[in-house]
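Two complexes come next, and they have one chain in common, chain A, joined by chain B in the first and chain C in the second.
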Partner chain A sequence: MSIRILALLTAAAMLTGCASTASPVLGGGNISYGDTKAIELVTNEFGSTDLQSIAESMARSLAQSGVLQARPVIQVYDVKNKTSEYIDTREITTSIKTQLMKSGTARFASDNTDMQSQVDQLKLQNQSGLYKDATVSQMGNMVAAKYRLEGSISSIVKRSSDYKDVFYKFSLQLVDVETGLAEWMDEKEIRKTTER
Partner chain B sequence: MKHIEVGAMRVARENGFLTVKAALTNTSAKNKSIYYRFAWLGDDGFPVAPEESWKSLTLYGTQTSYLPAIAPVPQATDFRLEVQTPENSVNLFR
Partner chain C sequence: MTRLSCSAVALLGLLLSGCETFRSYETELTAVNQHIQAGDVDAALVLLEKNNSGDDKDLLYYLEKGELLRTKGDLDASQAAWAVADRTVTQWEDTIKADPEKYLAEFGSLLVNDKVRRYEGYDYEKVMLTTQMALNHLARGHFEQARTDIKKTHEREAFISELRDREYLKREEEAEAKGITAQYTDLQGYPVQTLEAPEVLSLKNSYQSAFSHYLAGFIYEALGEKGLAAPGYRKAIELHPNEPLLEQALVQLDAPAPGSGQSDVLIVLQAGLAPARDSVRIPLPIPTTTGLIITPLSFPVIKSELGSGLQGGVLLDGEALPLVQLNNTDAMSRRALRDDMPGIILRTSVRAISRSVLQKQLNDNVSPLAGLAVGVFSAVTEGADERTWRTLPDQTLVARLRLPHGEHLITLPNGQQAQVKVDQAFQVVALRMIGSQAFAASPAVQITPSTPTSLAQAL
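On to the complex of A and B.
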């Protein structure tokens, strides 16, 4: 009898799994991974939440506007930083570009940062004589942009003994290269206030 | 979630993208801070896009505000609205 009970207990222990297993973590202490989508309120300066909300609202507004018919080619220009802070505006345009690309509404021409690598590679393939002819990308087939996308970010900062208030305004416009007409435009406003 | 009521939601497909407007009402007389985000689902009921970043909104006393949202991809056919307040939280399903 007692053997049977022991066997049952052992089986139960095996079924439920015993004790706790170690987490696959090395080190630890005060370090942890956080939620990248959380609202960041560490300081009043331009932060991850601002970057995310600007990119999200701009990309969606443009994708849904109906201006981008038949996946046109867009050339992205840097966003002008007219604030008093250092902001990596390239990251804003990269996020907007990524989201538009994922929405399937636009294609993107080589912009000023990757144009040099593109030209270098084309020249290397065509002028070095190193490559098999059939595999060489031909010169003169790069696709020119139908639209250019450019924007700016500016800020108004006010301080009193009790408050620090920052107001950001991000504007973005899509301009038809041939006609020079702005075909779409939108802006995003953000207010952040610190009470001292 | 005390004092925050979710009202009517309007859903439409505009230029191929699902667009949503959702009414949120602050039933108290005090200003309330809320956090929200949308999740976009496809025909199979699973997300078609990565999680959105949380957004913050202030509702003044007794104010009704309409949250606007546009789906990130044309594949989205349904959505969920997730709302939290600094005091308490609840998930709302449509």
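On to the complex of A and C.
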């Protein structure tokens, strides 16, 4: 009997221990955290699942293509949005960059949005007289890109009284800056249909 | 007390609930607008406060207050008032997102008059709210903050679009189930032509604004986000086809940004006041247990604000500046009414049927006097909803051009001049004209009175 009680007490202590490791929850109501990879079907407009699937598909395809030898430097250009939908295409390219960077297959030069900050910082270090010479990043050492990555997204929307069908096509290509040759290209197609 | 008497008391309570039943919004706002037309925005604000002295202020109060404060040039206070309005609209959205079926189910079953319901705002007002908020930020050159509001504008528009698609389908089903077949074209004596005008029919719907999307394109372009600017311009073209100004924006999107000492300037001239809503009584056949009876019912009509629009041209540094109209609140308001009319007819008819049933039962089972009381009360309290955002600009016109940095002079049709300081790579110059008065909210713009020379030039 005493062994049983001891076992129960041990189990209770273990369970209490488990509970105490969880973070306390403040508030509650209707707020909850969801799975960021959950398939989003709230509306048939471009959504988080589309962004993730395009980025994953393109990053995998490019990383496995064999083009990216010795971690080349790539300049990423904005993806042209040819749809009538407010799609933040920069988020797609940021996700592709992140995945390629994490896989260690490529490095990225400052793109259009970062370039001004990069130039400002270099000027500040070299022209303001505020920094120790030994720590100042020298002008003229920025690494130029071997490739540029550019693409577009387009859509075809068809409506009837019962259906709305949206077809997205995302294209991306890697072009050798020196030769102008497209070294890699891929497409991702997505079809979303809503029945009213 | 019998169940019938209770029903009668409850109905009277519903009819009386809130002083909204007896409030004439149009009378209040006509007086407010007279102060603005006289150039005295402070007096307009005092009157608005006086008319809304209670603690429980509604969406409409904050919409009007924000616009008056913007006209006065008090951008911080305007933004604060509109932030409250925006939270109210967001709550409305959240309630529907939480349970859309409940919202749609309530649609045709409302026993209370539309004007007693808490003001929800028309869809075009919800879209224009955040567009005007973006203009407040742009008056100070704050493009990043304007981006937040303009993003909210097109997200809200997408939500409204989805909701209305479902609502119109549901309404058709309900009208069919209740046997109400009347359409606004059947209303004898109703000014049908106001809802059938070409400028109303050419709109895709009541809430999508070519100006809001064009402004979105301009803001995203200024921030270097061409992937988001393109759909802004594209949507504006879809809503306002064959307009070179809009097509040019899309073509020029890949052109180099303005060089040093140059500015890409968007001149926005907002003129006039949004139209009013009035009430007309139209006899309509109502199905009852004893057959169809003809009952006079109240329906809203749009009353355009005459003479407050833009009359004449604008000069920039002495040269004629062609402006393109991208927004017409009068047409949007009429389109909103046109799209709402089936629902208004349905709700008004359902209320009339309920009243006639109650009146008959009171007559038969309680006393003819009780039945008469319900009839008299209905006649007194039944009126169309006159509430609408009246200080919202009627017309929005734009011009876009590259200008060298420095001082520039815009001469308005009334001869008043706006001294504009251009010093940003992208800049929005927003001006407001109401009657013969001109206003500017931006610190970069100074309005000066007209002179005989400037008036002669403008004419």
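By definition in this document, the second predicted complex is superposed on the first by the 173 of 196 C-alpha atoms of A that agree within 3 Å, B and C clash if a C-alpha of one lies under 4 Å from a C-alpha of the other, contacts with A are read in each partner's own complex, and residues count from 1 in each chain.
Please note the rule applied: contacts are C-beta pairs under 8 Å (C-beta built on N, C-alpha and C of every residue); 3 or more make two chains touch, one makes a residue touch a chain.
Just so it is clear, the model here is predicted, and its values are computed rather than measured.
When the shared chain is aligned, chain C comes close enough to touch A:T83, but chain B does not.
By the touch criterion defined above, A:N112 reaches chain C but does not reach chain B. Contact with chain B, but none with chain C, is seen for A:A38 once the two complexes are overlaid on the shared chain.
By the touch criterion stated above, A:T49 is placed in contact with chain B alone, chain C being left untouched.
The touching residues of chain A, counted against chain C in their complex, run 30, 43, 45, 78-90, 112-113, 196.
Chain B makes touch with chain A in their complex at residues 14-17, 19, 35, 37, 49, 51-56, 70-74. Those residues of chain C that touch chain A in the complex are listed here as 98, 151, 154-155, 158, 162, 165-166, 169, 216, 224-228, 230-232, 234-235, 238. Partner chain B is touched in their complex by these residues of chain A: 36-39, 49, 52-53, 56, 59-61, 63-66, 99, 102-104.
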